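In what comes next, chain A is part of two complexes: it sits with chain B in the first one and with chain C in the second one.
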Partner chain A sequence: MKIRKFKKQLISYLFILPAFLILTIFVFIPVIASFFLSFTEYDGISPPKLVGFKNYINILFNDKLFWKAVFNTIYYVIFTVPLGIACSLVVAMALFQKIKFSTFFRTGFFLPTVTSVAAISVVWRWIYAGDRYGLLNYVLTKLGILAVLQDWLMQPSTTLPAIILMSIWGGIGYNTIILLAGLQSIPDSVFEAAKIDGATSWERFWYIILPMLKPVMIFLVIMSTINSFQVFEQVYIMASTTEYFGGVLYSALTIVPYLYERAFKRFMLGYASALAYLLFAIIFVITLIYMKISKFYEQ
Partner chain B sequence: MKNLFCLISLLFLIFSCTQKEQKNVLTLWHVGSEEEAQIIKSLADKYFTPQAGISVMCESISWSEAHTKYLTAIAGEVLPDLGTMGLTWAAEFGHKGAMVELSERFPNDVKLLKENIFSSIWNSSEIKGKVYGIPFDLTVQLIYYRKDIISKSPQTWQELEEVLKDLNKQNKKMMIVWGSLDWIGFSPFLWQAGGDYYNKEGTKSIINSKQAQVALKFFSDLYNKYNVPRSAENFGAGFRSGEFPIGMCGNWLINSFPYEMPELEGKWSIALLPKGPSGKRTSFIGGRVIGIFKTSKNIDKAFEFIKFLSKPEIQKELYIEVAKTKNVYLPPNINIWKELPIKEEFRKVLFEQIKEAKGPPAVLGWDDSTKYVVEAIQNVVVGGKPVEEELKKCEEKLNQHIVK
Partner chain C sequence: MNNNKKRCNYKKLFNNTLLYIFLCLGFLIMVFPFFWMLISSIKPREELLSYPPKFYTLRPTFEYYKQLFTLVPMYRYLFNSLVVAITVTLTNLLLSSMAGYAFAKHKFYGNKLLFTIILGSMMVPWQVNIIPSFIIVKKLGWLNSFYGLIIPAMVNAFGIFLMRQIISTIPDELIDAAHIDGCSEFYIFWKIILPLSKSGLATLAIFTFMSQWNNFVWPLIIIHKSDMRTVPLSLAVLNSQFGNNFGLLMAGSTVAIVPMLLAFVFLQRYFVKGIVFTGLKE
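So, the complex of A and B:
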């Protein structure tokens, strides 16, 4: 009896095995290895040298660039996540109204999501290009909004906002589809009841739709926070050259590009591993806070 | 049974082939375009393999990923026999123990090669008497200008300022294409002012000097007073339209411009950089070197191939073949320059500028220090910080990073 049960399970285990192996080799082992590496000095060539907490201490207390990167990342997250979800909600509400060509619009808004971020970044780099050559400059001057031509990606004050704007645009599609699914799962009977009770459309939005969307919203907020903390391609492509990283005067340097620079440009692998674990800690804490807040509202 | 036999013999055949191949092939990683890699391969097939009895495999890797790829390959010991690479990388990898020290293993040959190569490029590839890479090509910064808009290229900094004032009045500008807002663009001005990054021995930084202050001030003025744009895109289009009738750029456009803008034939040219306060026109020179990795099993043959690529007639063919792809390959071998099929006007300027040029400082630790120079430059030009303070900070950082 036992043997038969084991045989049955064996087959299941065999089915899990390939995925498990891939995950082990490419995720679990590197994650554990980099945890150990974070306590060493390692340049990829000579064997790692144990240094205890030196990397962490250096990052937290002696590394101005790290704090610049943290500041920029938080700046990025604070604008990208709420604005991104708010814009998506507007689009989702509009598409929910069963307007004509709604499939067309849905596809249109979703298009950036299926395009690679790298490709989008290259295109937006041209949009933001300086002088008369950038599309944004061209349009804004033609409309008379802009008097002086701007070099959007080469000015410390505009580099990060420019990237934020692009990221919001790029994220709308995914968020919208998830929100739309959430909207469609609200039972019609609830709306009908509200209508009969004489709720205005604003009241319907505020007291029915928003509360009903809460699980979806929490999911979106957490996911896009995690994604935004890990912003990389945009900065790497739009604000880096071979000689400097993360924009003029590091104006758009965020944590992951900084980690990449340490690990794969300078080959400070121990230091970069410590950075990775600090990033993990930040995301972990923020996710915990979100969970606490959402639980608090449930009660 | 028959099938099995076939299969085994086939496997055996494949196995023996690959075995044989490993012994008789030199692999070369080439930092640059696929087209160039193909050209090198075809030259090797034509002239090198018949005589040396070993074939050459050439793979191209892109500039942006090359440094990382080499470091990863060094860490994993999955290296080719030979590699072309950035000027300062060979010494960097050599210091990590990954490259054959050519000056030690082939002292006489290296001496011979050195005699025929421009000293401006050689100096950057030799660190404290050690040579890990032989110059493969070179790239030099030049002035490109529209003859129909600027009658004569500026000869001094003052003349440059006057030209720019004039251009600005007509809503035209200069562009620094190679090295905008970074050390590559700044270096010529530093050297022209008589300053430098390190002392002659490479033991101490001297970036905090009167000359460097003058240079950085001037560099900053170019952006803030004379409206040089910070990003360096669209030079081609701006040059064509006349909006950027003058630009500081590497020599890589000389063979593509005639194709891109045939209507400007005879209306543009290249010129030497203007003289600085020290009277020098020093330009920035870059390029690639080719070196041998220690893991290679064919070090002698690999060096034969380096010598082969350094031959004047081969470098001439390289120039011709690369020019067909509208790109530029400039040979580091001085002796072939007279014979290059290149416009006389261009040859003169290029030759003179290459002689009066400097590469990145041959100091270990420089690659890790460039970011501090870039920081100082950007702090002054973009952030409006005082020049003296920034250079002082920069000097401290540079001193800290010298590898002794």
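So, the complex of A and C:
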């Protein structure tokens, strides 16, 4: 009997083994390894040299570029997350109405979700092109909003806003899908009761729909904050050339592109690991804060 | 009363008109970049840089596509991307459902703990493990190879989690009955579990294929030889080498984007299901 039980357990382990092996080698070990690497100096060739907290101290106290990247990232997050979710909420509410051609509209709004961010960034480089045939310049001058042609991705002051605009556009699909799922899970009886009580559509939105969407909204805020902190491809494609990386004067350098540059252009692997753990810490703390806030509101 | 009703109707009509205007405008903003990409990739050179920009062309040309496929080995890149995306999708389906089955239906020592570890690893941002992963792949001699592109991506925590949730909904009685009939675990997995989790598998397949096709960072880090590039990576290289040849870049973007767009239009249901699932974890 015992042998049979043992054999049964063995089969269970066999089912898990291949997946667990891959995850161990390429996820679990690396997570721990990069923690140790963050206390070393390592160029990938000569063996890592233990330096204690030197990397962390240098990053936090001597690295102006890191703080520039942190500042840019926060700037990016502060605009992308609330604006992105607000736009998506409006879109989701519109798509939630009984409308004709709803599949057609939905497909349009969801399209950017499935496309490669790298390719989309190349397309937006063309839209942001600095001459008068650049689409954005053309449209804005035609509408009379713009008097002088802008080279959106070459000017320090407009590079990051341009990337933010594109990221909001690209994120609407995902957010809307999640919000629509949330809206659909609200029972019909709630809407009917509100209608009978004579609530206006604004009241219905503000006092019924929004509170019922709260768990979904909190999830979205957390997820898009985490994702925005990790913005990389947009910066790599739209704000980097052979001459500069992360925008002219580092105007669009965010944390992950900076990490990439340290790790894979300069091969400061220990230093970059410390950056990675700092990013992890930032994300972790933000997640905790959100969770605390959502718990607080639930009570 | 009648008057009131009429006013109400007018108001409704007004609201509806506003709604449709909003939806059409929004739709235009969402879709226009794709249209602009397509049209820019087939305009002749003079029209591409004409002012005012033209939103149509009477003389479509495939000049830029020809350039794309002669300047760089684009066929090879498409082949690389396809091989990686298909292989990774198949291994993910198999390995995730195997692990998902054991986690959902088997009682064994450490079930809860191992599953929690896997779930926990989803919280760790990829930047944290990418440097050691790079070092490991380098030590294994897998830089610039299909091994490096495929093996680390063969399975991921999200897939295991998805399949566990799906398989949990299969009634235990079915599995017990099969046991009584003397079926082996592998037979049960292959003949009962897999067929009953088809919708989950479809979602996972589409999701994995999409993320592999679009994957940029990992190839960027481990591929340094031209002929092993994937499509998004080759696009980034074109972008830095021919930054101002926008006709060529738009042709490249079209090649990278259009397959996913078409897949999405036809398989929207599964895409949406997968995305919603990411919102339901915990």
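Here, the second predicted complex is superposed on the first by the 292 of 299 C-alpha atoms of A that agree within 3 Å, B and C clash if a C-alpha of one lies under 4 Å from a C-alpha of the other, contacts with A are read in each partner's own complex, and residues count from 1 in each chain.
Throughout what follows, a residue touches a chain if its C-beta (ideal position, glycine included) is under 8 Å from a C-beta of that chain, and two chains touch if they have at least 3 such contacts.
No experiment lies behind these values; they were computed from the predicted model shown.
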(request) Have a look at where A:265 lands relative to chain B and chain C in the superposition and call it first, second, both or neither. (result) first
(request) Name the contact category of A:248: first (chain B only), second (chain C only), both, or neither. (result) first
(request) In the overlay, answer first, second, both or neither for which of chain B and chain C A:11 touches. (result) second
(message) Per the contact definition in the header, classify A:286: touching chain B only (first), chain C only (second), both, or neither.
(response) neither
(request) Determine, under the contact definition given at the top, whether A:133 touches first (chain B), second (chain C), both, or neither. (result) both
(message) Which partner chains sit in contact with A:44 here, chain B, chain C, both or neither? Use first/second/both/neither.
(response) both
(request) Would you check which partner chain A:83 touches, where first means chain B only, second means chain C only, and both and neither mean what they say? (result) neither
(request) Compare chain B and chain C by how many residues of chain A each one touches, and report the one with more. (result) C
(message) Quick check for you: in the superposed arrangement, does A:174 touch first (chain B), second (chain C), both or neither?
(response) second
(request) May I ask you to decide whether A:156 touches chain B, chain C, both, or neither, giving the answer as first, second, both or neither? (result) first
(request) Could you list which residues of chain A make contact with chain B in one structure and with chain C in the other? (result) 44, 129, 131-133, 241-242, 264
(request) Could you pull out which chain C residues touch chain A in their complex? (result) 19-20, 22-23, 26-27, 29-31, 33-34, 36-37, 40, 48-53, 95-96, 98-99, 101-103, 106-109, 111, 114, 117-118, 121, 123-136, 138, 151-152, 154-157, 160, 185, 189, 210, 213-214, 216-217, 220-221, 231-233, 235-236, 239-240, 243, 246, 249-250, 252-253, 256-257, 260-261, 263-265, 268, 271-272, 275-276, 278-279
(request) Show which residues of chain B lie in contact with chain A when the two form their complex. (result) 63-64, 67-68, 71-72, 74-75, 96-98, 179, 181-184, 229-231, 233-234, 237-238, 243, 368, 370-371, 374-375, 378-379, 382-383
(message) Taking the touch rule as given, give the residues of chain A at its contact with chain B in the complex, in rising order.
(response) 43-45, 129-133, 151, 153-156, 241-245, 248-249, 264-267
(message) If we count contacts the way the header does, which residues on chain A are in touch with chain C in the complex?
(response) 8-9, 11-13, 15-16, 18-20, 22-23, 25-31, 33-34, 37, 44, 90-91, 94-95, 97, 99, 103, 105-120, 122-127, 129, 131-133, 135, 138, 142, 169, 172-174, 177-178, 181-182, 216, 219-220, 223, 226, 229-230, 232-233, 236-237, 240-242, 256, 259-260, 263-264, 269, 272-273, 275-277, 279-280, 283-284, 287
